[in-house]
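As written, the chain order gives the labels A, B, C and D, with residue 1 at the start of each chain.
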Amino acid sequence: MPASYAYLGPEGTFTEVALRTLPETATRELVPYVSVQSALDAVRTGEAEAAFVPIENSVEGGITTTLDELVAGQPLMIYREVLLSITFALLVRPGTKLSDIKTVTAHPAAQPQVRNWLKAHLPDAAWESAASNADGARLVQEGRYDAAFAGEFAAERYGLEVLEADIHDAENAQTRFVLVGRPARPAAPTGADKTSVVLWQRDDHPGGLRDLLGEFATRGVNLMLLQSRPTGAGIGNYCFCIDAEGHISDRRVADALMGLKRSCLQVRYLGSYPRAEVAPADVAALRPGTSDEAFVAAADWVARCQDGRF
Amino acid sequence: MPASYAYLGPEGTFTEVALRTLPETATRELVPYVSVQSALDAVRTGEAEAAFVPIENSVEGGITTTLDELVAGQPLMIYREVLLSITFALLVRPGTKLSDIKTVTAHPAAQPQVRNWLKAHLPDAAWESAASNADGARLVQEGRYDAAFAGEFAAERYGLEVLEADIHDAENAQTRFVLVGRPARPAAPTGADKTSVVLWQRDDHPGGLRDLLGEFATRGVNLMLLQSRPTGAGIGNYCFCIDAEGHISDRRVADALMGLKRSCLQVRYLGSYPRAEVAPADVAALRPGTSDEAFVAAADWVARCQDGRF
Amino acid sequence: MPASYAYLGPEGTFTEVALRTLPETATRELVPYVSVQSALDAVRTGEAEAAFVPIENSVEGGITTTLDELVAGQPLMIYREVLLSITFALLVRPGTKLSDIKTVTAHPAAQPQVRNWLKAHLPDAAWESAASNADGARLVQEGRYDAAFAGEFAAERYGLEVLEADIHDAENAQTRFVLVGRPARPAAPTGADKTSVVLWQRDDHPGGLRDLLGEFATRGVNLMLLQSRPTGAGIGNYCFCIDAEGHISDRRVADALMGLKRSCLQVRYLGSYPRAEVAPADVAALRPGTSDEAFVAAADWVARCQDGRF
Amino acid sequence: MPASYAYLGPEGTFTEVALRTLPETATRELVPYVSVQSALDAVRTGEAEAAFVPIENSVEGGITTTLDELVAGQPLMIYREVLLSITFALLVRPGTKLSDIKTVTAHPAAQPQVRNWLKAHLPDAAWESAASNADGARLVQEGRYDAAFAGEFAAERYGLEVLEADIHDAENAQTRFVLVGRPARPAAPTGADKTSVVLWQRDDHPGGLRDLLGEFATRGVNLMLLQSRPTGAGIGNYCFCIDAEGHISDRRVADALMGLKRSCLQVRYLGSYPRAEVAPADVAALRPGTSDEAFVAAADWVARCQDGRF
């Protein structure tokens, strides 16, 4: 029985397209799930080896469903990330003209990316939410709605026609997906890595969050994402999902995590994995004193001082 | 023609209930709008005096639609906030029994708050999203679905029966609503106020966000909300919606805002208004050196030094 | 009666040489005093318009006598600074040879600068402290000691011969002198200015001093001197004499001083005056957001927000 | 041959009195040296096991001669500190009356502590500096001066009479002495310890020193002394002598030292030793997250994350 990867279905969505960019999918069974929650539960129960879900997009920001699933429950770990450029096509049944369209559908997440196009070209069309973009396409195929916004690749699957391609309100619209599995030793650093953690503050005082971010800053670790999520303890109570540059095996990252572990009420490690958007050669130079060598030399120096050999 | 308040409709939702807690609604026409965007647009165009929309809830965190509307476009200002405890009732047509329920509906935002209850009591019911909880109730009235999650107050309006009341996965589930208008002089401070701003970082370097938060921390200003939102400039580009304790007419807050204005690429002021959750008497004591008197004395001292009178 | 400048005497010392570099000394009576204390007292009593005293040298650091006089007592203000390169000559009565020298004298402050030379050339000579270098030269003239270290310019005045010139252990040995008067409006900024203050911490906790220095750092104000001095309240109790780049009429400096005034137990302003070591053209560029324009724009923006005009 | 302790002589000074409070002096030969430099050189050459020298007093602050010797040259280490309250006696030849006194002598360091007394009781007496207070007493014995300020204990040794005892301008005048030896493993922590280091900044930028002090602050390590000393690289170039609470075997101190080692151009460790002024029971409580246990737990957690066991 081949190992399987769960993913946020249905088939024919951007998620599947992104997932298939991972070479190892050639040897995995790819199983669509109806929700992020169910895909991640499949990992937690052992039904799937890993799950592939969207975690951030350039229009909506952090995907809160995914973040909330990672923040709570049995620990999971991010192994990989994939960035996919997102543009929509307007799909219709063959023969439909723009002027025929009275209803359009898509997943609600598509709305911000097509809003302006709609206002300009179909100001009077009624919007109907679909469970997914692929599902919207299916509903058009079935005749329930007149047009669907979906990835161009969905046209063929559902026997639809592309009336307009490359629709995107925001330039550089992208979605970031992650491959999530059960905790294990993170893959070796590549030189262009990212580490994800969740922080819960110990208490709330002026400067509390500033000081936590200082644990990264003083080690020269840049932040790439800071997303607050409710802790469930009532309004105004947040934890922080953070992506930081570097790998947990980088001394500066490990040292920052130790500082956070001491200063926070709780820290959840979500993994260290290669950055999708940048090659090792293009990673910004480290600030002086934050290389592994500097950390090793400093630890060695303190050990010699402790021994009186200085 | 009376001034009107736009609100996120339809009628019979939590939003309307929260809005009616404001005394001035007695003399306003309250007009439901189909979306946060359209309600805020009504303010921008002058069609409405103000709009009342949800901005944060204890389960979902910041309401991104509202935040994104405040972050971009013609400037708006928050005048008031209202906190409402949210619990759901399961509404059915009279006579329906729990075992009869095959389909349930509600606005997607209700889902995290009823998820566990559903799993426990209606594990096999199909979930159908509604445009609003009130709309879900209407669809149950019309016979399209078997049951709706909505505020108990919606039962009467739609001729439904409360099969189960007070459903809430999270204790202390609350939603925060804001009354938003065009920019004007903020109301005078009450002693328990909140100031909302949006920050765009000038550049991205280790410690950048830490230093911005330091502008609050060094003036003893506590943060109550930090919510990142995409700037639209591509994935990983965020601005930060921040709620800070205090009023812009408090010197420590004004001083922090000046520091941010200098340090940030851009700052958008979203208003200073009374805090809903705390009375002036219960506000935490100021840190020494951060009272208005301390600021005035310090400014006076520097002026005397500049004049040689010290 | 011409205005007089007190200076640390006697005549014929480096102090007098440095003082005479100030053009206005041409129209002042220059009066030597026996100590820094008495020279500054002459200013405090009105006997002298100003006093000229050493405040820092490259070998000894801050001149504690001067700092302590500025820190305590009736407030004084620094108007000018002068930097003088210090090298010593070995002065002897005409005819004395190196091998004749059994005793050498100078002010104790000269010792660190001639120590190595003495060890190399006169290892067996006995050192005798003099009240000043000029006084040492006088004692050699009188035959009490064999040789004196003093400025080369002292030879002529005391009828001595230069046996060796340009003696200095440390390259770039310099002394910084200040012209001190009663408080008045500081001279206009030149573009290369320095501001001196004394800080007393409100309390002592981890990070206390770090946070005070942060008042400068967050406004992009560089520090040029940080010298701790006992407060007189017992061992371990210190105040901090600080020289910072910029003029009190620079907004970033004024703002930092206001922050310090609020955060400190006490701040004493000691003046803003032109930097001796650097021309305006060579001053480092300001950090973005710390120019006067940035401060004015930020204050204006906050005022507009307070007025609702944004 | 018994091991010997060098100390700043001559015999009969406060230094010797302080030294004799150390129990181990009973089994050591105590050898006076003419200067701090020569006493420390005796340690460096192996001539003495350790040297005992003043390092800080409540009137003058850090003793710069001692600090400069520790900062430069072959590394030394502080093993112990002793605090001694300093009050002066006015010593005269038997029979001398106050009105007979025309000249007084003492080491220049005594001057600030007797200045006010002199002004009040002997305003016309001439001050003559002595190489030490004991030496001043000797010169009075020999008839060269009329009176000497010295420790009361010096009267007997030099056959003098105490004309006035307990003279001190500053209440709580104290001098701190240190026992300095060659580097070795520091003594075990007592629970009330102090760690001394010297820091050289890597470069000079706004916030540079603030960030270095932050290495202590973020680990909850309080500073007890910060004394700048010239580096010898020209005026305005300073290193910083720092005393911090805690022992190098305390994890928070070791961690701060590692941070400094990475961030500084250079760090010199000067030892960890028991605090003289406070008992372990009276040491302030640690900030949460800075105990050894917190450090060990954090390091263990990071190791488990690195291994995938979380």
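Basically, a contact is a pair of C-beta atoms (placed from the backbone, for glycine too) under 8 Å apart; a residue touches a chain by one contact, two chains touch by 3 or more.
The UniProt protein names, listed by chain, are A, B, C, D = Prephenate dehydratase.
Note that the coordinates shown come from a computational prediction; the quantities given were computed from them, not determined experimentally.
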- Query: What is the touch distance from chain A (Prephenate dehydratase) to chain C (Prephenate dehydratase), in steps?
  - Reply: 2
- Note on the structure: Distance between the CA centroids of chain B (Prephenate dehydratase) and chain D (Prephenate dehydratase) (whole Å) is 59
- Can you check how far apart chain A (Prephenate dehydratase) and chain B (Prephenate dehydratase) are, centre to centre, with Cα atoms defining each centre and the answer in Å? 25
- Query: How far is the middle of chain A (Prephenate dehydratase) from the middle of chain D (Prephenate dehydratase), if each middle is the mean of its Cα atoms, in Å?
  - Reply: 57
- Note on the structure: So chain A (Prephenate dehydratase) residues touching two or more other chains come to 211, 214, 218
- Task: Take each protein chain as a node, join two nodes whenever their chains touch, and name the resulting shape: line, ring, star, complete or other.
- Result: ring
- Message: Quick check: in the complex, which residue numbers of chain C (Prephenate dehydratase) touch chain D (Prephenate dehydratase)?
- Response: 56-62, 64, 68, 83, 108, 112, 129, 131, 170-172, 174-176, 204-207, 209-211, 213-214, 216-230, 232-238, 240, 277, 287
- Task: Report the residues of chain C (Prephenate dehydratase) in contact with chain B (Prephenate dehydratase) in the complex, numbered from low to high.
- Result: 75, 77, 183-186, 202, 211, 214-215, 218, 248-249, 254, 257-259, 261-263, 267, 269, 288-290, 294-295, 297-299, 301-302, 305-310
